[in-house]
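One chain, subunit A, links the two complexes that follow: it is found with subunit B in the first and with subunit C in the second.
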Partner chain A sequence: MKFDPATYKITDGGKFGRIMLVTGLIGLALAAVGFAVDREHFFFAYLTAFTFWVTIALGALFFVMLQHLTSSTWSVVIRRIVESLTAPLPWLFLLFIPLLFGLHQLYEWSHADVVAADAVLKAKSGFLNPTFFTIRAVVYFAVWCGLAHFLYHASVAQDSGHREEHRKRMRTLSAPGMIIFVITTTFAGWDWLMSLDPHWYSTIFGVYFFSGGLWAILATIVIVVALLQRRGVLTKEITVEHYHDLGKLLFGFTIFWTYIGFSQYFLQWYANIPEETKWYLNRWVGSWKAVSMVILWGHFVLPFGILIFRGVKRSPRLLMIMAVYCVVMHWVDHYWMAFPTLNKDGVHFSWIEIAATVGIGGIFVWAFWTKFISRAVIPVADPHLNESINFRNM
Partner chain B sequence: MAAAEAKELQQLPLVLGDKKYDNVTRDIIAPVETFPKKLWWIAFSVALTVFGVHMTAIAVVVGTGLGLLGINNPVGWGTFIINFVFWIGIGHAGTLISAVLYVFRQQWRTAINRSAEAMTIFAVACAGIFPNIHVGRLWFIFWAMPYPNERGVLWPNFRSPLVWDVFAISTYLTISLVFWYAGLVPDFASIRDRIKESDAVQKIRKSVYSVLSLGWVGSTRAWAHYEAMAMILAGLSFPLVLSVHSIVSFDFATSVIPGWHTTIFPPYFVIGAIFSGFGMVLTLLIIMREVFHFQDYITIKHLENMAKVTMLTGSLVGLAYSTEFFMAWYSGSPFEGFAFINRMFGPYWWAYWIMVSCNVITPQLFWFKSIRTNPTLLWIISIFVNIGMWFERYVIVVTSLHRDYLPSSWDMYIMTNWDFAILIGSFGMFFTLFLLFVRVFPAIAIAEIKMVMKSPGAKGFGH
Partner chain C sequence: MSARTQVYGMIAEFESPGALLSAAEKMRDAGYTTFDCHSPFPIHGMDTAMGLKRSIVGYVAGICGLAGGSFGLALQWWTSVVDYPLVISGKPFFSYQAFVPVTFALTVLCAAIGVVIAMLVTNGLPRLFHGWFYSSRFTRFSNDGFFVSVEVGDKRYDPVKTKAFLESIGGTHVEVVQGE
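Take a look at the complex of A and B:
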């Protein structure tokens, strides 16, 4: 890999992209073997992997729009990285298609005979049916890919010389973009994960789906920055101050995720209505109890207790370790949301989960990387760039 | 070059009119140092009278009994709970501005945090009255406090959200008060230092402000401690912005009543609280900046930013309404579905549609820059926000209760004159306190405003 510090371009991306692509394809091929071995298990594994990666890309999209709307200066140096992390969205759309062939394995509501015999499912069949489900998914991806595309291109257009209209375009796009993003993401969460248990419902579920993604993207940014710096990219521009800010946000959104998760759990536990509590009861059976405990202690208590220290946030090495840990926890969270529908008696972890996650992940990283190296690695002409580089925490 | 660069970067100064530090002190302390004008006296006497009505009505209701009010069976929670939630919500903008925006390095907050925080404290004070009188026997309210007692094993029920309220709100009031007071210390010292002990009145003023300023001299050391403390207090207040109204929402959401029990309630209540708080901040500050000539400090930029927060939170509240509505259908439960259809088209349809039009539709006008930079229009819209958020609580409390599971027990809730007197009276209390505040305390944080100004002779971004 070669980096040109004068133009801020990675002139030669090396083999990394190709390695990732091949890894992804091998992963997907292995997952396809999983399909042949155990069809149901494969689809649940694939859904877990898919929602895990898609929430990270959605987190990136949200982060970019948020920075535009708040006119943040500290984040200008990392903006291009986050913009490039939205690049996998069109590929994730493509990778969504296999799920459509697994609707019968995944979703109880897709069986006409089951629905006909169940009054509650019948009542919601206007919403939960394969055709509308597919249409909605197409709409979500059209919105997300469109937003990501326009925001990215408005941003790279700025590289050849800043004009006020560039900033204006990014901001005017972000405001309505935020609204349609929130609506589509909420519905996506309901569609893909909540409707796995079609009798169960929770108004906050969309927020929960989103909050995990936002948490994971912050961790992902830390990982990408730290790995780039190891290869000598942006070593002077991204400083410990930026790590500190990312660490603070990661800490803050650890609490936010917990707040949302707790609100959902607590209110359903307290009211104790059977149709609501069964979702948690399913996650309290056999070895699922342990996974539920991992979510509580691993997704909240541990990162909270560690990230609270200033020293951790200001140490790229420690923060990187925490970031990797957080991404793993994000995966466990999605596993915990999806799999209890299939494995009702307890955890049956298999290699198919790993294959699917690595498969989609390889494509994800490859799509990110090819986009990332195609342009300057920071918004070189942004008028706030200098301010961002020289940014200091209080 | 510097001007062109500033324009390019759109760095509008936070203080207009080429001010020196001395001008700032003078401008902001002016209302505290001059004898109140006629306008203030008129406003104050009106507010005080209404406050008097409040206290009288409360005395009568407590003395006679809750039968004077509109509450009945099944609507056992009436205006007292509505007003309680309304006033607690109002307070949230203050904490958001003083703590959350501080943590997020939003420097524009400095011009508005002092008044917004004062508003928080007064709103919480107004709110605090309602649960006390709601219980009917005010003199037993101390039973809510857990302490080893002579009543044997009689302890408050820790599983009751009403007890959590006691803790959440008293914590909130304490932290807000400490944060507010700590910020006032350097400004009290500024007032103290400017007093010339010419006569007995001035001597008394001097001694009062000396005590209030806790001997502040403004040494570098003191400032270093001060800034560290501000950060810690902001960090402590930040979660309170979320926790207080979340716990208030638990009062409803832990029940099994359709329209009350829904998992989105905690964040939805918090967002609504911030929305209503910003509505009230706009209502108060737009008048204050005119009367006290603070236009150079609370600039159009500040108002515009507040308008944007109002629009964002208003839209999020709209999202929560739609989510609830959709989920009521999606749940497949006839009770859930009925609760929401009844809200929209039942006997209280007007309350529901006032709520939606004031909270969701009106703030959408802020998409237009010409509207969000026009103080008069902003003020009018802020009134709509206040009205809408009161009705939101009305809708939640009344419509969910008046038609419960058993049709034979359905009833209507009609407010009596005592309900109205106590509702309107609480505004009297709020404005009395606020008017006193702007008389004796600097309404803008002088020391903090100076930190975000360009330091004299400095070329860059100042502090």
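Take a look at the complex of A and C:
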């Protein structure tokens, strides 16, 4: 890999992109073997991997819009990295298509005979039916890809010379974009994960789905920045102050995720209505109870207790370790949301989960990387760039 | 002036925030500890320039929060398990899930109150009077003036040497502040 510090361009991306693409394809091929071995298990594994990666990309999209709306200056140096992390969205749309062939394996509501015999599902069939499900998914991806595309291109247009209209365009796009984003993400969470258990409902589920993604993207940004700096990219521009801010956000959204997760659990636990508690009951059976505990202690208590310290947030090395850990926890969270519908008696972990996650992940990283090296790695003409580089926490 | 005139210390004026920042560094390096910098707005990097240590307020918040949370949990355990056990919708007496909101709220409350008190104790506020107010030049600190002040209690305070030092690092209008 070659980096030109004068133009801020990675002139030669090396083999990394190709390695990731091949890894992704091998992972997907192995997952396809899984399809032949155990069709049901494959689709659940694939869904877990898919929602895991798609929430990270959505977190990136949200982060970019948030920075524009708040006119943040500290984040200008990392903006191009996050913008490029939205690049996998069109590919994730392609990777969504296989799920449409697994509707019968995944979703109870896709069986006409089951729906006909069930009053609740019948009442919900206007919303939960394969045709509308597909249309909605297309709409979500159209919105997300559109927003990501326009924001990215407004940003790279700025590189050749800043004009005030560039910033205005990004900001005016972000305001309605944020609203549409929230609506589509909420519905996507309901569609893909909540409807696995079509009798169950939680009005806060969409926020839960989103909060995990935002948490994971903050961790992902830390990882990407730390890896880039190890290769000598942006070593002077991204300082410990930026790590500190990312760490603070990661810490803050650990609490946000917990707040949402607990709100969901608490109300259902208190009300004690069978159709609501069932979802948690399923996650309390056999070894699922252990996974639930891992989520509580590992997704909240541990990162909270560690990230609270200033020293951790200001040490790129320690923060990187925490970030990797957080991404793994995010995966466990998605596994915990999807799989209890299939394996009702307990955890049956298999290699298919790993193959599917690596498969989609390889494509994800490859799409990010090719986009990232195609332009300058920071918004070189942004008027706030200098301020961002010299930014310091009080 | 009456016989009770008291010397509070010395102030020196500087031209710009940058000059103040470098003056603060030199004061620190010269070994002054009881000195302060005054400017109409916060200056980035001033804490390090003055050699100030990290505030203990954060740790006070942590300890008060833990204490408040433990108290909240203990209070609910004692009232609903020991003192007045009552079955509510068939749930166990010690339903920790139900105790989370109060525990959380008391954690935040105690941490917040602790932080405010710790902040007031460590910065010495509220304080209605300070000797610097005797200096008429000093009133500009909230408008366009940048000042370094050395208290008379500083180990290195010396009427002659400190004045010379303040002038050597670029201070003007060095003034010994005294009043009743």
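Criterion: the second predicted complex is superposed on the first by the 394 of 394 C-alpha atoms of A that agree within 3 Å, B and C clash if a C-alpha of one lies under 4 Å from a C-alpha of the other, contacts with A are read in each partner's own complex, and residues count from 1 in each chain.
Keep this in mind: contacts are C-beta pairs under 8 Å (C-beta built on N, C-alpha and C of every residue); 3 or more make two chains touch, one makes a residue touch a chain.
If you're wondering where the values come from, they're calculated on a predicted model, not measured in any experiment.
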Pick one for A:I306: touches subunit B only (first), subunit C only (second), both, or neither.
-> neither
First, second, both or neither for A:R392, with subunit B first and subunit C second | second
Counting only touches as set out at the top, which of subunit B and subunit C does A:L21 meet: first, second, both, neither?
-> neither
If you stack the two complexes on chain A, which partner ends up touching A:I255: first (subunit B), second (subunit C), both, or neither?
-> first
After lining up the shared chain so the two structures overlap, which partner does A:T203 touch, if you call subunit B first and subunit C second: first, second, both or neither?
-> first
Which superposed partner A:I321 touches (first subunit B, second subunit C, both, neither) = neither
In the superposition, subunit B vs subunit C on subunit A residues touched | B
Figure out whether A:V332 sits in contact with subunit B (first) or subunit C (second), or with both, or with neither.
-> neither
In subunit A, both subunit B and subunit C touch residues 270, 394
Can you list the subunit A residues touching subunit B in their complex?
-> 70-71, 119-121, 123-124, 127, 164, 175, 179, 182-183, 186, 190, 199, 201-207, 255, 259-260, 263-264, 267-268, 270-271, 273, 275, 383-384, 387, 394
Subunit A - residues contacting subunit C, complex | 262, 265-266, 269-270, 272, 308, 310, 392, 394
Interfacial residue positions of subunit B with respect to subunit A in the complex | 8-10, 104-105, 227, 231, 239, 242, 246, 250, 253-256, 261-267, 315, 319-320, 323-324, 327, 329-333, 367, 461
Would you tell me which residues of subunit C are touching subunit A in their complex?
-> 42, 44-45, 58, 62, 89-90, 97-98, 100-101
